[in-house]
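Letters are used for the chains, namely A, B, C and D, taken in the order the chains are written, and counting of residues starts over at 1 for each.
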Amino acid sequence: MPRIAVVGAAGFGGALCAAIVERHPSLELVAVTARSDAGLRLDQIYPRHRVRLELEPFDADRVADRADAALVAYPHGAAAPVVAQLRERGLKVVDLSADFRLERVRYEATYGPHAAPTLLGASVYGLPEIGYREAIRQAGLVAGPGCYATAALLALWPLRELAADAIVDAKSGVSGAGREATGTTHFVSVAENVNAYKVEGHRHRSELEQELAGAGFPITFTPHLLPIDQGLLASCYVSPVRELSAADVRQLFLDAYAGEPFVELAEAPPGVRDVRETNLCRVHATVEPATGRVLVFAAIDNLWKGAASQAVQDLNLMLGLPEAEGLGAIAASAAAPAPVSAARTEEVPS
Amino acid sequence: MPRIAVVGAAGFGGALCAAIVERHPSLELVAVTARSDAGLRLDQIYPRHRVRLELEPFDADRVADRADAALVAYPHGAAAPVVAQLRERGLKVVDLSADFRLERVRYEATYGPHAAPTLLGASVYGLPEIGYREAIRQAGLVAGPGCYATAALLALWPLRELAADAIVDAKSGVSGAGREATGTTHFVSVAENVNAYKVEGHRHRSELEQELAGAGFPITFTPHLLPIDQGLLASCYVSPVRELSAADVRQLFLDAYAGEPFVELAEAPPGVRDVRETNLCRVHATVEPATGRVLVFAAIDNLWKGAASQAVQDLNLMLGLPEAEGLGAIAASAAAPAPVSAARTEEVPS
Amino acid sequence: MPRIAVVGAAGFGGALCAAIVERHPSLELVAVTARSDAGLRLDQIYPRHRVRLELEPFDADRVADRADAALVAYPHGAAAPVVAQLRERGLKVVDLSADFRLERVRYEATYGPHAAPTLLGASVYGLPEIGYREAIRQAGLVAGPGCYATAALLALWPLRELAADAIVDAKSGVSGAGREATGTTHFVSVAENVNAYKVEGHRHRSELEQELAGAGFPITFTPHLLPIDQGLLASCYVSPVRELSAADVRQLFLDAYAGEPFVELAEAPPGVRDVRETNLCRVHATVEPATGRVLVFAAIDNLWKGAASQAVQDLNLMLGLPEAEGLGAIAASAAAPAPVSAARTEEVPS
Amino acid sequence: MPRIAVVGAAGFGGALCAAIVERHPSLELVAVTARSDAGLRLDQIYPRHRVRLELEPFDADRVADRADAALVAYPHGAAAPVVAQLRERGLKVVDLSADFRLERVRYEATYGPHAAPTLLGASVYGLPEIGYREAIRQAGLVAGPGCYATAALLALWPLRELAADAIVDAKSGVSGAGREATGTTHFVSVAENVNAYKVEGHRHRSELEQELAGAGFPITFTPHLLPIDQGLLASCYVSPVRELSAADVRQLFLDAYAGEPFVELAEAPPGVRDVRETNLCRVHATVEPATGRVLVFAAIDNLWKGAASQAVQDLNLMLGLPEAEGLGAIAASAAAPAPVSAARTEEVPS
């Protein structure tokens, strides 16, 4: 059974990686490392994950001695050197940071100099559903997509050849901001509040531009912070290059995602609760009758499909395991989308 | 001192009208009526408003005997006949429903047959900041704008001659759905959730189209429900007909709202907490560098500026009182917009 | 593989029963019934459970044709006749209502006349950890304990012979109030609020009195409603009949719960997040130095250990399956309690 | 008009002091100081308070030049030296920290050495409703009570001669933990959670013991942290020394609080929403029929009556102003308590 280390397991994403790996029937969790909480058992920080391993300081050799592959959950910039050390020692790696998501020019324009540029060319973007599945299977290094990018790309992918422009109004829960205590993550800043932020350029825009580059349409991307813990909704507004009916749009999504285990097509706008603690992206696509604009709503759990469980989905592929193993709920067949949720058809603010 | 009745005071909007009127230094609250809670004192239903009047069944004659003006907070359809009775008896009326907001053709296309069509022509749209101030002063009947329309119109008004299209992604707290207990307003449906609804056509679109009609650009409008009580954010995306800089946009808003007591221009995206329990609309407008698209974020309290306090603002004008009297916080001068909130510049989901 | 029906699967508790049974490796979910939503598929009401069975009207014969056992999640009073029909047809039953929890005299004093009194004597109280495990294994009918009673009894059980009195200040999330939309469950009533209710006598007191009857000490029980979805905390204050040290108390709990798979002893007060969506009860017991009073804090998920997953735990026992099968997280050994959560040692309102 | 400085205005309590003083019709806000945010305007940190003064570093002489009195909102320990400097310069002071609440022996046992012990004897405990009103009028230095102590003392005061013991199970919103960003105040730690903390001795116990000292009964005090912003509920359980009926208890509270402007007696358990952003303490007292135990529930807004507005209430008294001036809502007469809230009589978790 492949032996897995989680590097950076004290943060929200890394801790969840450890929890998912530990429960995974075909993976063995052998080590968890942390930069500042070494010596604590992981369940002292996260009782609910019930992972009783002790956090150890990162040492590439000690990790390589025990593990066949690693999930790395460091902040961007800090991840690249660690990934490089693990790759040198032959471990397969899924990196959850931004460090290996972008081409070098794009990375450096967005984040500054890259610490391991030679590895950039070898990394594969870890979103299997938009054409990377086979490349991920062959990869030694996979870059887990950003949480916002995951939802937005799954929403826009089927429309990429038909869009004149796209606006992504994205809303995330606070866990996306990470475990660090700041003014922004203080309960009193968030409760009973909602606001946009980084409206003049969030770094996840780079991922959207890169992955939809062939299409060449302009993308507006605005993140908002919501008073919820886990959950991310991307509301996307696309002007089509030619008139599309709601049925046309529905068919585009069926064609794109038929058989995808983790994309669930819904007949009404999804709520983030519908996908909480799953690896699913639940999507509803339609057309606004008054304007002909295509509307797509994609909901994920930002810590799961937006980070940790998607990394394990990638790891399953890299290790030759069934893609959905150990990841819980599977989408209903794309050919038989879930019907309108009765709970959501009543009228609200009128 | 003008004597005021609140008709339909058992709902969220009407109850707040009563509370604001009762604390108003130049108005006297003389009656509160309700359809189903008559006999209860208002503070039995809403302890926090501390209005100790007893709710009485509606009787137009009894109201007219005591009151000079009325705020009517009935559901659409139910409001029109009541308003007609009060107008016949000479009372000035601000109606909070949709019944007098739209031209007849537009109303009937959206809501069905109108119960008092002859009054439609005499009503004034109650948003003083978009050119209706003088008409409101002269009016006997004012239609309080919808909560979504209030925020969206204040966001789009300065851009009305420069917009090629507009997308309004609006997010509202649950109080906007009213006091009725439904599956939608159940705590368990809302907590840790967010979803779009009525994506194929919310009725507030009609108000946007009507009020921005001269402009003739297409408007996409999508409401979302958030796990907050009071608060509404309209995130607006406008393609300008000619290139605009952020400074251009800022100037347009300064020009439009200089001296407005209840529009507060901010240098960073507003949070709905910033305007909670005020009559303010806090607005930030800028340009996305990557696309040139104009972004406008307008935050209100849906029950205040989106309903009750705006109705009292209208009433102040109708009665010749100072527009801002009894309404609490006033915007900083539009010429000296509030600077960036330090609390909101830290980085969030990255 | 035993075939299971869930009767009353449209409510929160019943729907979760269905979800747990469907994922259970040794049980087969064969039918879900509902009183008012028959004809809908269960995932139309609860997308996140992803149970695609169609709700059918209850028919005892049709259920008995297909199922070996049933979980019944009807309101009290409505459950008894349904349970009687299923027992007549030979099905093993776990009933989640109050109908079979109490001796007849106590039931009728609390709830009124009983619809199936002859069955009362045959039912077993479904809390394995307080001495009922063997009886549950032999039972044809088990009464799932109330959510409040589950947490309070697990907190008080080890102290039953040493208590002079006990005060239970209990706090529950809103899901405990059920799916019905009422003024109480309206988001706007609950958000940013907390209040006690039924302070002059909640019906779960009867369960506490009955199960701790031998002890004969007076029990004060006060429930509170919190702005959370799932989670219940019982804070218990016990005057001991003789002086006890914190170490004494700790030992009492270790003795009582050593080896229990679903009682987790913690060295700091538990949060309800620590047990969210698990069958665990996490308990911390200590002594207040200034007064010598024993303090016990017991956290559960009210829908899981307080209702649905505990019912499946009972069902596992009744069917001869491993007690913990299909129920997810298991407590760390009672002999090695989880240490203080670092996340909870910082100072709060000072 | 008395000129007021707020020292330590960048924290939650100090900022609210500034906002209340600025709106106060008989006080003039002349200075706001801060330790680490000097140079910012207060509305840059707290847009919603709309106080446009610039925060300045603290300088006792500069404050004394301009102000007649000060509200000091520093952390305990840091407050005493600042208060001493202001008192030396002749300013009247209300201190919101713990530094002047306790007798010296009790202070030093709880907090360590005191920095200005000679001032301790001259300070008055700032809870007018429990017998300190006249002393506050004469005082040069008043110590604002702790938030928990305020609610608990108002709940227990009328019972002080009839209690054999008392248990205070208190629940606070997160704002009580202050503006500092910590693991405890991180949104993700708090949302969908509740837990007790400091169960072996919170420092507010000292205030309870001191103020109820004559009574000599043991007091158990346990704070809990709730996922709300502002609000504090003290649920109190008192064993009476002699049998009391609910009517007896009601009369005790009427006698104790008749005419009190800020204690509101209610006929049902209060919710913290009922007092949000008011200086009110809303109290319900009754007897549990099954045990004869007296139950008292006291709700306040921890930042208002638990800190800032109570400090202004004290200041009003010290300056000879009407006690309730500038403080908003007033309690209904204690002789005519507000009736049962209809919104809270429905049944919840059963």
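Keep this in mind: contacts are C-beta pairs under 8 Å (C-beta built on N, C-alpha and C of every residue); 3 or more make two chains touch, one makes a residue touch a chain.
Being a predicted model, the structure only gives us computed values, none of them experimental.
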For this session: Determine the set of chains touching chain A that also touch chain D.
Result: B, C
For this session: Would you identify the chain whose Cα-based centre sits farthest away from the centre of chain B?
Result: C
Problem set entry | chain A-chain C separation of Cα centroids, rounded to whole Å | 35
Problem set entry | Geometric centre distance via CA averages, chain C-chain B, whole Å | 45
Exercise. In chain A, what residues contact two or more other chains?
Worked result: 174, 182-183, 185, 189, 191-192, 227-229, 270-271, 273, 276, 342-343
Seminar exercise, completed: chain D residues touching chain C in their complex are 76, 98, 146-148, 165, 167, 169, 171-174, 176-178, 182-185, 189, 192-201, 203-205, 218-220, 222-233, 235, 237, 239, 269-273, 276, 284, 286, 288-291, 293, 295, 297, 299, 302, 342-344, 346-350
Exercise. How about chain A: which of its residues touch chain D in the complex?
Worked result: 12, 174-175, 179, 181-183, 185-192, 227-229
Exercise. In their complex, what parts of chain D are in touch with chain B?
Worked result: 37, 40-41, 43-48, 50, 52, 191-192, 266, 270-271, 273-278, 282, 329-330, 332, 338-343
